[in-house]
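Chain IDs A, B, C, D and E follow the sequence of writing; residue 1 opens each chain.
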Amino acid sequence: MILPLVRRFGVLVASVVASSLVVFAFMQVLPGNPARVALGLNASEGAVERMTTQFGLDRPLPVQYWEWASGMLTLDPGIEYISKAAIGPQIADRLLITLWLVGLAMALAVAIAIPLGVWMAVRHRHADGVVLTAASQIGVAIPAFLAGIVLISIFAVRLRWVPSDGWVAPAEDPVLFAKSVVLPTISLALVQGSVLARYVRSAVLDVLREDYLRTARAKGLTPMQALWRHGSRNAAIPVVTVMGLQLATLLVGAVVIERVFVIPGLGSLLLDSVSDRELLTVQSIVMVLVVAVLVINFIVDALYLMIDPRLKTGAR
Amino acid sequence: MPACTRWAPIPHPGMGHAMTEPILKLTDVRREFRRPRTSLRTPPPVVRAVNGVNLEVAPGERLGIVGESGSGKSTLLRLLSGLDQPTSGQIEVQGRRVDGQSSRQLKWLRETMQLVFQDPMSSLDPRMRVRDIIAEPLVAAGMSAAGKREERVVTLLQSVGLPKDAIDRYPHQFSGGQRQRISVARALAPQPKILVADEPVSALDVSVRAQVLNLIDNVVEGFDLTLIFVSHDLSVVRHVCDRVAVMRRGEFVEVAPTEELFADPQHAYTKQLIAAIPTLSAALGGRTAAALADEVNQQAGGENRD
Amino acid sequence: MGAAVLSVQGLGVATTRTPLLADVSFTIDSGERVGLIGESGSGKSLTALAVMGLLSDGVRANGTVELAGHEGNLLERPEREMAKIRGSDMAMIFQEPMTALNPTMRVGAQVAEVMRIHGTEPSKAAAKSRAVELLDSVGLPDPANVARSYPHQLSGGQRQRIVAAIALANSPDLLICDEPTTALDVTVQALVLDLIVRQAQERDAALLFITHDLAVVATVCERVMVMYGGRIVEAGPVTEVFTDPRHHYTQGLLAASDLSMPDGSRRERRSLPTIAGSVPGAGHFPDGCVFRNRCEAATEACTEVPTWHDRGDGAGYACVHPLGADSSSGHGARDD
Amino acid sequence: NAGASTDGDSATGGSGSDALTVGLFAEPASLDFTTVDGAAIPQALLDNVYETLVTLDQEGNIVPALAKSYKVSDDGLTYTFQLQQDVVFSNGEDFTAADAVFSINQVKSDDWTISLKSQMDVVESAEATGDHELTVTLSEPSNAWLYSMTTRIGAMFDENGTENLAEEAIGTGPFVFDSWDRGNEIVLNRNDDYWGEEPYFNEVTLRYFNDGNAVNNAMLTGSIDLIGTVQAPESLAEFEGDDFQIIEGTTNGEIVLSFNNGRAPFDDLRVRQAARYAIDNQALMDTCWAGRGELIGSMVPPTDPWYEDRTGDYEFDTERAAALLEDADATGVDVALRLPSLPYAVACGTVVESMLEDAGFNVTVDELEFPAAWVETVFTAQDYDMSIVSHVEPRDLGNVFGNPDYYTAYGTPELQEILERADRGTVEEQTAAMQEAALMVSEDAAAEFLFLLPNLMVAEPGITGIPTNLIGESLELSNLARSE
Amino acid sequence: MTQPIEQEITRSRRRPINATLIVGAVLVGVIVATAAVSLVWTPQAPMRVLSTEAYQRPNAEFWLGTDRLRRDVFTQILLGARTTLLVGIVAVGVAALIGVPLGILAAMSAGWFGQLIMRSNDILLAFPALLLAIMFAAIYGGSTQVAMVAIGIATIPSFARVTRASALSVLRTEYVTAARAAGRGPVAIAVRHVLPNVASLVIVQASVAFAIAILAEAALAYLGLGTPTGQPSWGRMLYEAQSTLRSAPHLVLIPGIAIAWSVLGFNLLGDGLRDYLDPKLEDR
């Protein structure tokens, strides 16, 4: 079990390094001297030059890369051009918010998807299963931001149950936190939950066709018992992959929902930084997101190793 | 039917027969597979799928290879048909080297040796029409005139007992036995000298098995082929082949003319194999499962394992 | 031989569109070993699954299936009650030992589970130690170690022994084996066959043994039923059916399958007798006699479903033009 | 602070613990307006945290602020300011003439980098002629200079309070900067030591939004008390009725359909005129800004002293436009309309496109991200034919059209001469010259002046003291109060 | 050797055409038809501000009403179908044209080269479509072209993965071994055997990717990074209409339904094709 994990970890490290090069290279393509953009409309050449040297934008690229990359490692990628604020803590603050959102949305999605997916699979030949399956298809088809807009219109504006926007830290006021987070979470989870439910359905259907499930029933288990005791672990294998991919999608997809609900998460910071041409910030955020996705993939692989004993011994 | 007497048997030295040049010759052929490492301390496990095989096959001979699952039969076939490279050893077909050659250099081998596989489902490309399947070796051999190819395909279809109009159909429109016929037709297309069959009837029902065995018998006879026939079923090999090689854990434990092998098996493993075959006659004669198992255990001398 | 353990009457199985089994009737007594043979797609597994109540969704069974000790028709029982019977009073060994075991669960736990489900062992620990004993009794070396393994760490033969251990754990009255050795090497097959027969005998269980290998069925069973096209076309004691077949299908199978001479010596290499054509897919069998499109003796009369000629003791055949019918005197049917 | 309030009800100020949340659009990237351009920073901080010597009232008159009074010498070169006593910066330092000198010199130094700093070039020297007396000498007379002292250029800093301008603001204003939660809000607290009348609200939160819809929702759900600038006027209908008050005033923001006068086809007067004739301003304003706003016809808002109604200069006439195009041999000419990605520009751009095409232009619309991409392409590289921007700086006719290097590439010598004259002359001369200049840019069709951006606000019914017109750079919060 | 072969050979591939497939095909067909119609006819001049009232409800002259800028909604819906299809086709095209050959190449080249391809692929997988589109938009500005190329590039890995997995299983089949034994070279095997046999999975993947691309484009339009103003896009329409959701809900509803319709259509088509092309279900 250790060796495959070590091997996967090596791949993770290599991927992080490679993608940091990609991200860095990508940002060099951006037109416009960040110093000029930062200084605004009619800044003097002298001012632009001073800022260029101040931020070391005229140094050779490898030096700039090394500076940034080693900064990332120490969680201190530098300061912003315009506001001169340290980037690291900002990203950390915003990431925390996004993680809350994504975490809750994922939890809700899973909570919806698993019973729903199992139900759809077990009852796939019955009317209720077919109806649910169709409903989940529609859930997949609705853009998350549209769901958000409509939910706001109904539950915030019309019914006044919850606020339409803003973010309250859970430590600050748990009740307000819950209220402010419920709609964004639902908007995100609605789509992802539907997608996940469909994968759960097909994973369960696949498992239901397996011989060992028939063996389990021949032992005297009812279909649901058999599914629970023997199917869940096996069905989890493909579902875990999808959940990993979804977490990645959510992490970035939260951008849109953060916009709709005016939540100061990492996605909002990314968009703001893009429009302010805070390249270093953009670069660092992109890197954080990419690393997050890579780490999620690594965790998924590690979970595989735990779920599927066939991988531990290198068989298969 | 002169097949039984025509060929010069067994290339054992000292047999006294004037030996024709062997059409196929294997010298100490080995193939190892490295499994992925499972631990940092122990070296990666090595599977010796073929472990020092020597063999000579005379033209026109029908050689059977038997052995249990995983004994290396398929690996050996892949080696001698140039689809895989041996870790060491030499393989010669008609005196020409097969090992260490690039696929470009092996063009001649494709026209000399052809294969028939076990699974009638997966050995034919489901998206190709029978016409294209059978013509594939011809295309590969560079026969470019479509008309001539078509003519040949029709002839081949006839010789394996399929109607002309099968030419435009897809594999899934045929039964298992018919698919094996198509496989055989494809193998015959480049007019090979050697036919290599890897468990060609193991996946077939008894009634169909008989049909395919008859077909193989007929084409080997009719086209004057050398046959290498792999099976785990001793009774099939016994029916088809003149000589049998018993394979176990990558090695030939015994090679002998069929009747000799059955009448007087030398190696314990061969004995065990023969003893384990359930036959209708023996069963009707009162051999129970317990008796069968007893015999196997006896031959194995206690070294039995699954 | 004891009393009837399993009694199947007029069993039919069908999807909404296609009939798959029709009018299957047989009984098996305790301690009796009955073989069910036929080519692939003839309906052997469906019969077994129908008896076990394990048919997949979308396939329905009718007729009656009765198991000794249980009142009434099993086919009408709710799933919950069937679950109680399965694994305790009747058990099944499946064809593919590769896939019949849960790949993510240790095999010892899989064996122990069947005893816990039916409460045969009072505690988890007891079930575990019983499982190890069982593994020992099915001939697995170092059973304690095997119990801790995952299926993929075991060979095909070992896996099949585990499947057998699961089936035998609660000493069922009825054991159904669906081609238990098809995927195994001959040497291993011999040992597994021995195991099954021995264990069934020890428990005095009724055994329904499915295979397409005539030699295997002759080795294992006393009585055999020949199935084709979802119907039983012939049945009787092994020696009788295999030496003196009535149905053309049985005869065809016999001729095609035995490659050696009756005396066991090598058959001269000449054309083997064959059955023309191949088994049609479900729903594509002809009506009337299901075999008539492959049968040399078929006539207009075969368009009617042939009646079952009972030869007594569960023996009989369904053919309009039976082979050797003249020679059979004592038994046989004279109902036309 | 002598700014006029619309209601005289601010007497309640100074004691309550009431808080106010204002919804605003586009968060500043920094708090430092000395180096970072854009309207967002002065909007939040000027007159609230930072104060100027003089300021504008709602009618656009210059009135005293940190300076109790000021005197101008007859030659218009020397300004003497008497400063308020007992003014304290929020870091505890006293405000003295030395601070004022420091602040003015800072603008002239390299520490200021924004383009507006050039307005301070005219200052020759600033001296503390007493503890609370400041004397500023100009190198030449300039009417614009005192006016610019009402903007961020004139903000008064403490000598020791400029270390971390980007994240902290230390001023003398009625509010003290409390905190900035980036991406979310800026919080200001009442300055309990304020030298003037203390504001009513104990705490004012400026919440930032990215689109008009979200602000509206926040208002509708009560999570804000006031929308600083409505960005989606089409949605104002939702606020009509007794539950909300809608404030509609004017701003300095002339929405200009700017032409690139420096290159074909808009270097041709006839083409420019054609474009002006092609636009039906009333219909345009009705469509893209829900009829809110004011038609101006030139680069002068009605709150400027030299305002004249120029809306009749190019009365909508598609035929005439087509004929002019024909005349210039430019029918079907391809023009690139490069819009900043701002709500008014995007909405108006679509309408403008249709109107121009009706007259025979072949318009390609590009939407450029604002600010970065737009500044890069249109403003700096001047790679555009037309754009739509609201020029919000006060009295910016000279800025926008007086400089041939500016992105409008206009700045004819004639206009420059007029502008110079205006800056130097007396009040009357200035007014006359500016009217001349406005006439010139209009007649010469230097640009098409679509309409004046309205100051649209929505507030809870009880909020008073809301500035109706937004003609300075700031959003004054100190007069706001809640009456219930 | 005469055999009663006829009756068996004629057993043709009768695949059950499932309801999902039909519904999906119909939904997609409507979108395609709509886009096709818009090429030759639109009820009003494309994207033109008309001299009529804004915010009209659906009526006889303006079938789906008018928007805030007095443009005909029905015309925009027709034209938007074109954009939607274009985005899908280009995005999926980019992804498939690069991803499929890469997947096949990776499957066929054992050893470090195949590993390299798949590892690079995994790295690309770490850049979700939206992230890539935001990065691209930062460089080239937001536009339909940028959006679809970004989405396309971000979709490459999924195609490469699916193709590789499926190509690996094709390469393990005996018919590929047979082709090699017949002397077929790697290119012929890739083109004649692997490609046709992975095609069905690729088609399924494509229709699902199509749906994802449509959603991504809508999200980008919402963020102001997709289709710019003045060009027809359902996502853009939604974005522009949201501020009048309560006073003119049809302006949100109509493009919303159009998006959901097409996403649903392509998803169902994908599901239906999966069942239809699934070899496991053949000959039932």
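Convention: a contact is a pair of C-beta atoms (placed from the backbone, for glycine too) under 8 Å apart; a residue touches a chain by one contact, two chains touch by 3 or more.
Since we're looking at a predicted model, the values are computed, not measured.
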Which is the least count of steps on a path of touching chains running from chain A to chain D? 1
By mean C-alpha position, what chain is farthest away from chain C? D
For chain C and chain D, let me know how many angstrom lie between their CA-based centres, rounded off. 91
Roughly how far is chain B from chain E, centre to centre by C-alpha average, rounded to an integer in Å? 47
Chain A and chain E, separation of their C-alpha mean positions in angstrom: 23
Listed in rising order, chain D residues that touch 2 or more other chains are 213, 369
Name the residues of chain E that each touch 2 or more other chains. 3, 5, 8, 11, 137-138, 242, 245-246, 283
Identify all positions of chain C at which a residue touches two or more other chains, and write them in rising order. 277-278
Residue positions on chain D within touch of chain A in the complex are 27, 29-32, 35-38, 110, 113-115, 118, 166-167, 181-184, 207, 209-211, 213-214, 217-218, 220-223, 369-372, 375-376, 379-380
Chain A - residues contacting chain D, complex: 31-32, 36-44, 46-47, 50, 80, 82-85, 90, 93-94, 149, 152-153, 156-157, 160, 163-167, 259-262, 264-265, 268-269, 271-272, 274-278
In the complex, chain B residues that touch chain C: 1, 3-4, 68-69, 175-178, 205-211, 213-214, 217, 232-236, 238-240, 258-259, 262, 272-273, 275-284, 287-290, 292-297, 300, 304-306
Per the touch rule, the chain C residues reaching chain A in their complex are 52, 54, 57-58, 79-80, 83-88, 91-92, 94, 96, 99-105, 113-114, 117-118, 150, 152-153, 163, 166-167
Using the touch definition from the top, list the residues of chain E that touch chain B in their complex. 1-3, 5-6, 8-13, 173-175, 177-185, 188, 192-193, 196-197, 199, 279, 282-283
